[in-house]
Structures are given as C-alpha cells and as structure tokens.
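Here is the structure we will look at.
Each chain gets a letter, A, B, C and D, in the order it is written, and its residues are counted from 1.
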Amino acid sequence: MGHKVGTEHYIQYYETDQMGCCHHSNYIRFFEEARSRFFDEIGMPYAKVEKEGILSPVVAAEMEFKMPCRYSDTVIIEAELMSYSGVRFSFEYKICNKETGDICCIGKTKHCFIDDQGKVISLKRKDASMHDKMTELAGE
Amino acid sequence: MGHKVGTEHYIQYYETDQMGCCHHSNYIRFFEEARSRFFDEIGMPYAKVEKEGILSPVVAAEMEFKMPCRYSDTVIIEAELMSYSGVRFSFEYKICNKETGDICCIGKTKHCFIDDQGKVISLKRKDASMHDKMTELAGE
Amino acid sequence: MGHKVGTEHYIQYYETDQMGCCHHSNYIRFFEEARSRFFDEIGMPYAKVEKEGILSPVVAAEMEFKMPCRYSDTVIIEAELMSYSGVRFSFEYKICNKETGDICCIGKTKHCFIDDQGKVISLKRKDASMHDKMTELAGE
Amino acid sequence: MGHKVGTEHYIQYYETDQMGCCHHSNYIRFFEEARSRFFDEIGMPYAKVEKEGILSPVVAAEMEFKMPCRYSDTVIIEAELMSYSGVRFSFEYKICNKETGDICCIGKTKHCFIDDQGKVISLKRKDASMHDKMTELAGE
C-alpha cells in the first residue's frame, strides 16, 4: 500500500564473514541504504531534512534471515513506507538476490522524529509539506 | 530463567555516527559479542564448535533502541539463553550504560544449528554433551 | 600507466562518525570495492579466482586523507594496477567527490598470491592466462 | 622513546571475512582503539578534548599486515606517541597475538589539530597544558 523504493547493493568482500556469507549485521545497514534512497527519491533527502533539525532515529528493528547472500552477489533492497502518524513512521523491507530472485532477508524498522536536542517533535507542526508528503506516501 | 552472561564493550569512535551516538547497526554486533562470551564461559567456545562442523546462524533478530549510548561510554551486554529445542535456540539481550545504569537496547535473536553444507542438524545427535549442556542452561 | 578502473560509492549514514564525516576507516574498504570492480571488469572476478584456490591478501596499505566526504556524497574510487611481478602486485587509488571533483583520499595497497593453506604461490605457474593478463594490464 | 599504551581486543566473529581471518580493514580501527585508550590513560580523554572544540583527524595512515589473526584471538594493540610539533603528531602501532606473541600488524598514523570549523589550530595556544603534556610524552 505504501510507497516503495528499491536500491541495489553489491555484496563486498569486507561484508563477508568466515561462514562465507554476508554477515547478518549488514542487513540493518542495507535497510538504512534503502531508506536513504527512499527519501532522496521522494525529494526530501535525509541530509537536508537533518540540516533543518529534524532527526529520525530508529526506535525498533526486526529482521528474518531467509537465505545467505555472498560476496559479489547483487541484492535489491526494497523499502516500503508502511505507516505514518505525524510523530512516528515505519518501513518494511525485502532484500532479494538480483540474479536468483531469492529472498534473503525481510524486516521492519520503526522511527520517530526528534529535534537536535533529542525531543520528540510533531512533523506536522515542524514541516507541514513534509508531513503532507509522508501522509500521502504512507497511503493514509 | 535461562543462563545469563555479561560482557563489557567500550563504545569506540568508529562506532559513532553524525547524530553523535553509537550507530544503531552496532547493537546486533554487540549481541554477537555477548553470545561469543556466553559460549566461551560455558566451556563451549564457538570457534571450537564451528571447527566440529556445527554452525549456528542467526535466523531472526529484533531490537528496541531505548537510549543512545555515546563514544567512550562503557556498556554492559547481557545475553540470556531463553529456549533450546535440540534444533533451535534463542537469546535475549539487555544493553545497559555501565555508569548510569540506563537501558540502551533490548533484543532477541533466534538460531538454528546447521552443518557446513547448510543443512539443519539435530545437536542432540551431533554432539550429545553440548545438547545436555544447552538443555540445562536454557532451564528446560 | 597501469590499467585503471573506477567505481562509484554513495556515502551512507552508517559510514559517518560524530565529526560529521565519513569515518577514515572506510577508505580502505572503498579501495577494496574498486579492486573488486577492477577484477570484475577485466573478466577475472575475484570470487571466481578465489574458488580456484588463489587468494590475494593485502600485505600493506597506505592512505592520505585530503578532504572529508560526507553523508549522501557520491565518490568515485579509481584503482590503478601499478606493478605486477608474478608473485606480487600493487594498486594505487584516488577517491574524488563526484560533484566537486575534490580529491578526498589517495592511497596504495600491496598484495601477494597465496593458496588456501596460506603459502605464497607463483601466479605464472598456477594460472598462466591470468598471469599474462596481469602482466599486460600492469603495463609491464 | 615516546609514551606507549596498550589495550586488548578480542577478535569478534563480525570482524572475520571469508578468508577466515580478521578482515584487514579492522586494523585501522584497532589503531583508533589504542589511541582512544592512550588519551584516556594520560588523563586527556578524547571525548572531553573534542567537547573543548579540539579535533584531531587522521591525516595519513599506513600499515603492514604480517600475520592474520582470527576469531576469538585476543590481540594487544600498542600505540606509541612518536612525534608532536604543536600542530601535528604521529603514532606508531604494533598489534600482537596475545597468546603466541606473533606480530599481526604494524602501522603509523599522522594527525593534526583542527577546530570545529575544520581550521588547523595550534594546540599550544588553544590548550597550553595539553600542549605541555604532549611535548613531554612525545619525548621531545
């Protein structure tokens, strides 16, 4: 339902571990890559949002590791905005092997908006146009 | 209920991000540090277990980020073995700021046992004494 | 003089540190990304080479950090094969900000070939066609 | 000649790569760990120095990789302050396997002092007591 954006990632040698796979701790970073691309694509690059004093830390995350991916695989990371309440939002992710189509990992993250003092803020009041955009993209 | 082991971690500069905190992707690594210590302390160092051809990949993980921790903080990472079925096991984690006692992050991981070909194995059959130890420590 | 290959990298949030820049420890990883691309492009993908039992660990590395790069910058990483002796080879790197053209980092790495037992090997004897290719590309 | 401080590091699973060793990109992070400990031990914790607006980015780094270290090895990282000029300073490092004594990696880093605007500063003028301490510890 929500807006969905995909990005590609080539699994680097430095992302492997001695099991011969991409270490599981990388996937939460891949989620961030896809979020970053998401905000770039919708015209609200996070670097710019942050300069306005709006931060959106990760409040919670979960992931299921389905299939390993390996050095030199390209994966497609898809991020979908699932909910937005004016104060909180959440994403869901799907990471697939580009060549085989196998799902490697699925997951979710939850976020809130805070100011640079760490106080939770209402995006609606802080940046109404970004609020409208998020509302629209979350399909709410 | 389960056996619990703690380990300390000094938050390094390279673990910070531009928000001025330890980047959220590090916590799943801290969970692994505590698991590693757990298996060292109970006399089944994971390096040795792996050499026997028993691998225990992470199947699922979740975490809640409660409070940021920062460069030069020492955190205590506590791992508790919550369940063990002979084929699967799970841990819960609590990461606290050593100085303030604040809880920074809580989480869970789920694991299975596989051989070096990636096939799920029964630990009971593969290594009975490790099976007994795990059963005992999970309080089951 | 040597063959040169470039690759792009988008600086991720998780690569920043609390100074607000890409942490300096990432650049040696970017060098590896460019080497990986180099071997892909010349038709000797390192994943495949490694499967033949030919490993090429980094023996030495050096880098100069000229200008910081920041979250959401795209950098171009250029790797140039500088020398190849049949047993050893070396690369030089230049990392530029794609938008401004500023040089962020320059560096070098030295490598040898070993087998999967860790013994230094002569590529000439182990894989003559790869040897010829490397000789040609190093401009030697 | 210079003041020397050592710190220990347990090689984590997430620091390994598919060659079965600690990935070479970790060593520059280990250097930073030792520097961090160095400044803690001499009573000028870098977190506090940074809060005064004194930053000391890495300007150059080099390293030689002598012997691999592996998951569950403990290494001792020794940092020695080699020079200090009032504006610049340099460290040398030695990383040894704690159990075997083997040298895994040696290296150097060069640093300058800048303010939070990125301007090079003279530590002598900015913080005379830190300047005196650094002069003494560099053996100059």
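Here is the rule we go by: a contact is a pair of C-beta atoms (placed from the backbone, for glycine too) under 8 Å apart; a residue touches a chain by one contact, two chains touch by 3 or more.
Note that the coordinates shown come from a computational prediction; the quantities given were computed from them, not determined experimentally.
Enquirer: Tell me which chain's centre, taken as the mean of its C-alpha atoms, is farthest from chain D.
Expert: Centroid comparison gives A as the farthest chain from chain D.
Enquirer: If you average the CA atoms of chain A and of chain B, how far apart do the two points sit, in angstrom?
Expert: From the centre of chain A to the centre of chain B is 24 Å.
Enquirer: If you average the CA atoms of chain B and of chain D, how many Å lie between those two points?
Expert: Taking the average C-alpha coordinate of chain B and of chain D, the gap between them is 29 Å.
Enquirer: What whole-Å value do you get for the distance between chain A and chain D if each is reduced to the mean of its CA atoms?
Expert: Spacing between the chain centres: roughly 34 Å.
Enquirer: Going by the contact rule already set, what residues in chain C reach two or more other chains?
Expert: 13-14, 18-19, 21, 25, 29, 32, 71
Enquirer: Please categorise the chain-chain contact pattern as a line, ring, star, complete graph or other.
Expert: Chain contacts: complete, every pair touches.
Enquirer: Using the touch definition up top, name the residues of chain B that touch chain D in the complex.
Expert: Per the stated touch rule, the residues are 10, 12-14, 29, 32-33, 36, 40, 45-47, 70-72.
Enquirer: Could you pull out which chain C residues touch chain D in their complex?
Expert: Residues 18-19, 21, 24-25, 28-29, 32, 50, 55, 57-65, 68, 118 of chain C touch chain D in their complex.
Enquirer: Considering the complex alone, what residue numbers of chain C touch chain B?
Expert: 13-14, 16-21, 23, 25, 71
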